[in-house]
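Below are structures written as structure tokens.
Shared between the two complexes below is subunit A, which pairs with subunit B and subunit C, respectively.
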Partner chain A sequence: MGLKNWFKESFPVDTVALITLTSEPIPNHLKRWWWGLGGTPLFMFIIQILTGLMLIFYYVPDPDKAYQSVEYITYTSKFGWLIRSIHRWASNIMIAALLLHMLRVFFTRTYRRPRELNWMFGVTLLLLTLFFGFTGYSLVYEQMSYWAMKVGTGIAGATPFIGPWLADFIRGGSEIGQNTLTRFFLFHIALLPFITLLFVGLHLYLIRTLGVSELKFPGDEKAKKKTYPLFPDHVYTEIIVVTLILILLVSLSLLFPAGLGEPADPSVTPLHIKPEWYFFPVFRWLKITNLNVGVLGPIIFIFLLYAWPFIDRLFEKKFPGKEITFWIGIAGFLTIMVFLVWEIFGH
Partner chain B sequence: MATSLTTKRTIIGIASIVLLAVLVIALWKETQRQMPNFKPDPIMDAGTKHCISCHSEKGVGKVIAEQWKESKHAEVGVGCLECHKAEEGDVDAFDHEGDLIATIVTPKDCGRCHMDEVEQFTSSHHADAGMIMGSLDNVLAEVVEGHTAFNNGANPAAASGCWQCHGSKVALLMDSEGNPVKDDKGILKFDPKTWPNTGIGRVNLDGSKGSCAACHNRHHFSVAQVRQPENCGKCHMGPDHPQIEIYNESKHGINYHAHREKMNLDEKPWIVGEDYIAAPTCATCHMSATPDMPITHDVGDRISWTLRPAVSQKIDASTLAKYKASGEAVPEDFLTWEDRRSNMQNVCKQCHTKAYLENFYVQYDNEVNLYNEKYGIPATDIMKAMKANGMLTSMNFDEKIEWTYFLLWHHEGRRARMGAAMMGPDYTQWHGNFEVAERMYTEFIPELKEMIVEAKVHRHASEAREVEAMLTTLLNSEMHQWYIGKMDPEEVKKRKEESAKFRERYSTD
Partner chain C sequence: MDRRKVLKSVATFLPISAAFTGLAAMGVRFITPVKREINRKIFTVGLEELPLNATKRFKDLQGRDLMIVRTGEREVKAISTVCTHLGCTVFWQKDRQEFFCPCHNGSFDKNGLVIAGPPPAPLDLYPVEIEGDNVFVIFKDIKEV
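Here is the complex of A and B:
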């Protein structure tokens, strides 16, 4: 028995199923370049896993050593600056791509039946990614990290009913310290990746089983076929997107490498605390409301996001053809943008 | 828009080449980074860019801007305004190109980031170095050497001398109506009698004490510069406190100069025994970290004797006396002289055995006690008695014996003690003990005898007798009786025997 046969016997592959899997017909509208936003966060997630694994080689989740270890990664270890910068930029691009992907899904209303559950999985993935970002920049343990943890866990503490318990659970006690850092580290490198992988799997499974929603664009009627093959046509597109993103990531890391602020000091409150840009709208909202209303706002917003496919159906039934949900979406989007810009330029 | 497969393949090819190019740039950057003496590009925000561009173009402070670019501050984005920005209401604040700034950066400013360092420094003796104003040393500079009314109080002997190390009390330049003076660009001017000054105990306008720039030279803020002994030698040198000369004479200094290139002075955190083994510097013993002791910016944390005054005391003695007098409880974290000595021994033990350093401290204590008991205490007691009974005027330095006494403790006495503390044998012996003895026996005692005779003649017999009795007791004491021919016969015999052995050993007559 030759090596080839031995391998075939030891590792049987259903070639028919493989061909079917890679020959999935793709709707024509996906030929448009800007339709790759769903795949981008997935690719970013893979990048994050790879760079994250490399960062763990040197990172020490100890309040006395965390900052020093990040300093070592950034300024001393070989290619540490590049790996950390790519990790940081990829997190930003991942969140930006996710938000754009959700906007596309929202305004093309592809969350409608039978894809309501997949939209909800998507919302969950967005929340998980935001939590990734929060725990990630907390691990640096610079001043902004510490005070972001302080503010973040304080906000969690104001959640109705479960607030104090939730804050204590996240912090691992009543104060930020070793327990908090250990937990954030565990969330960031184990718990969140595991749950995210689970939801990514579910999201992809539903895309494959329910199929991609077909959209019609002017000119599509002329095409003889409604679909085109996954391989090589769509795979080429993905390769191009992935390569361009890699160029972007390395270029951004070269031009704007991840820096380091002052080390965390619980006794000195910085003059201005600013979270990462993706929390700007919530941060501004919290600034203009009291803590209880401030916390309630995002909770209601998240609930509405989850329930949106059903709310949309309700509006459609009551006011057919009026596109009310579209205008609500525009109003919501503009409000978030105003809060974002306000926080960028405001004090 | 649909794209053909051929076009896609071409795009993939071009994108792959571009990706390869950026990866090569990243590789090149990493290679550069690994080069010795590599300095990353400075991180400048808009404010710093504005300062640098203007100062570079106009050539005002161009060099310090360039120095800053090479600093660690530039590497981590601590720019001009991070240190020079002022708050509304600061007495030295002025508007400059749209920003409220102050010229002098004080420990309060540095403490915005370096909290621990500033806290430790502020509680140190270094921060109190400005307290010299009004002391004996300062009378010398202001009255004896100089003149307080010279050139409208310019006081050059103090301003260019003492205060450059000890620190001045910074003041703004005021006009005749008492308003701060500004130049044609709106920059606040300082009183030249008090600034430029980077004395370590400078009294600043914001109420803070000291100047971090006394040791951390602007604008490189190089750790290597601050760790080298020459840095401390700016002030710790000369006839009255020749620490740098003693260090250079010691084995510590010899090793430093021989192996300077192996000191890794740029290393962080620079732990003795881990980051360097060649030699200790001043910083090593008095400030820097050991494997089990953190760095301190309180230079008194490892000192057990105070070698500065006429009579040495254990370093905690005066503070403990204050607590005792006020009835206030001694704080739990108060460092006793034993704690401080133990801290210093923590450094010593990185190179020396326990037995070695225990014996060293016996030798050191013995030298300090010898100076105290043989010279410092009796001379000081006699001077105090003469001040009290009127044989000396209340004015210092108007009588010869006051100069003699000052040189005995302030110069030679310190040299003997400091030489022993830092293992500079020549400073302990020829620049120290020998000169103390010479001063005592050939000047202080003869001058004292003359004063006693003169006082008797000028009808101050009782005062003269009081001091004469003190001198007689002193000269008849065990340590001084040789001087009046009353050496213990046993000791005379022993000396003769030793002398005979010496002649026999070297076959000399």
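Here is the complex of A and C:
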């Protein structure tokens, strides 16, 4: 028996099922690649797994050694600076792409029946990605990391009912220390990737079974076919997008490599402390509200995001054709942008 | 529905659910750290070293900063510098005679009372005992075991 036959016998492939799986009909609007931003976070996630695996070779999750290990990666190891920079920039691009994708889904209202659950999976993926970012920059154990952990676990501690338990659980005690770093490391490299992969799988499964919702553009009605195949047509589009993003990612990493701030000092909060840009709106919100409102605000916002497909349906029933979702979306988006810009330029 | 089938389902799933719930509860208990707290009375400063309105910095047993302020002839306050908003460290602004938290712009007066910003409560005070001319502060020794 030849090697080829042996392999065919040991690893049977159902070609009919494979063709069915890869020839999913894709609506024509996705030929305009900027409507297909959902694939970008997934690609960034793969980059994160690869670069993250490299970083684990040297990173030590110990308060006395974490900073030095990142210093070693950045300044001593071969190409460590580039791998860390790609990891850092990919996380930023992943979050930016996710936000843009969600804005697109929100404003085109493609979360409507029967895709409510998939929207909820998407919101979960956004929260998981933000938690990835938070745990990731905390691991560096520089000043910003330490105080971000302090504020982040403080917010968790102010959550109604379960707050104190939740904060102790995340920190692994009443103060930031060895247990905290061990837990953050575990969340970042094991728990979050596992849960994220699970939700990515569910998200893709529902996209596959429910199909991609169709958007109509002027001129589309002239097209003979309303769809085109996933393989190879759409895969080519994705390859082009991925290549462009890869160029952007490497350029950003080369031009603005990831730096390193002062090592964590638990006794001194820096005078000008700021989290990563994606937490700016929440950070500003916490400055202008009292603690209860400050913590309840984001919780309510998240709840509204999850429930939006159902709220939208209620609006549609009560005020048909008024486009209330659109105006609420614009108001919400502008409010978040105001908070973001305010935090960039304000103290 | 057939009664026998219902009973069979209940008999199968109830013990399995109970076992998994028990295991989950055990897991949650395991990952919640066990804490032990003991109060410790520690000498910090002599009154002769601390003139009226003067401050001195110390660290508690968790390494957090506190300020000892003499506010009267035989009155001393030990003020925690942990902001009651979200736990950042406040610092003393001598020129303004107030504590300031750089995280979310909270301000406290020299007694630790909130003047401005989002902090929900005054800065914590450590219990102080003055014996003779010696100032003792009662610290909580929290150990995660």
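In this section, the second predicted complex is superposed on the first by the 347 of 347 C-alpha atoms of A that agree within 3 Å, B and C clash if a C-alpha of one lies under 4 Å from a C-alpha of the other, contacts with A are read in each partner's own complex, and residues count from 1 in each chain.
Keep in mind that, in the parts below, a residue touches a chain if its C-beta (ideal position, glycine included) is under 8 Å from a C-beta of that chain, and two chains touch if they have at least 3 such contacts.
Worth saying up front: this structure is predicted, and the values here are computed from it rather than measured.
Participant: Quick one: on subunit A, after the overlay, do subunit B and subunit C clash, or do they fit? Just give me the call.
Facilitator: fit
Participant: Quick check for you: in the superposed arrangement, does A:201 touch first (subunit B), second (subunit C), both or neither?
Facilitator: neither
Participant: Return first, second, both or neither, reflecting whether A:114 touches subunit B, subunit C, both chains, or no partner chain.
Facilitator: A:114 sits against neither subunit B nor subunit C.
Participant: Looking at A:266 after the superposition, I want to know if it touches subunit B, subunit C, both of them or none. Which is it: first, second, both, neither?
Facilitator: A:266 sits against subunit C, while subunit B stays out of touch.
Participant: Would you check which partner chain A:174 touches, where first means subunit B only, second means subunit C only, and both and neither mean what they say?
Facilitator: Once the two structures are laid over each other on A, A:174 reaches subunit C alone.
Participant: Looking at the overlay, does A:158 come into contact with subunit B only (first), subunit C only (second), both, or neither?
Facilitator: second
Participant: In the overlay of the two complexes, what angle sits at the CA centre of subunit A between those of subunit B and subunit C, given in steps of 10 degrees?
Facilitator: For this superposed arrangement the angle is about 50 degrees.
Participant: Return first, second, both or neither, reflecting whether A:78 touches subunit B, subunit C, both chains, or no partner chain.
Facilitator: It touches subunit B, and subunit C stays clear.
Participant: Please indicate which partner A:147 is in contact with in the superposed arrangement: first for subunit B, second for subunit C, both, or neither.
Facilitator: After superposition on chain A, A:147 lies in contact with subunit C alone.
Participant: Between subunit B and subunit C, once the two complexes are placed on the common chain, what is the minimum CA to CA distance in Å?
Facilitator: 8
Participant: For subunit A, which residues lie in the overlap of the subunit B contacts and the subunit C contacts?
Facilitator: Looking at subunit A, the two contact sets intersect at 267-268.
Participant: Sort out for me which residues of subunit C touch subunit A in the complex.
Facilitator: 31-33, 35, 59, 62-65, 85-91, 101-105, 117-120, 142, 144
Participant: Which part of subunit A faces subunit C closely enough to touch in the complex?
Facilitator: Checking each residue of subunit A against subunit C gives 147, 150-151, 153-155, 157-158, 165, 168-169, 172-175, 179, 266-273, 283, 286-292, 294, 347.
Participant: In the complex formed with subunit B, which residues of subunit A make contact?
Facilitator: Subunit A reaches subunit B through residues 28, 31-33, 75, 78-79, 81-82, 232-233, 236-237, 239-240, 243-244, 246-247, 250-251, 253-254, 259-260, 262, 265, 267-268.
Participant: Quick one: which bits of subunit B touch subunit A in the complex? Just the residue numbers, please.
Facilitator: The contact residues of subunit B facing subunit A are 1-3, 5, 8-9, 11-12, 15-16, 18-19, 22-23, 25-26, 29-30, 33-34, 43, 75-77, 112-113, 115.
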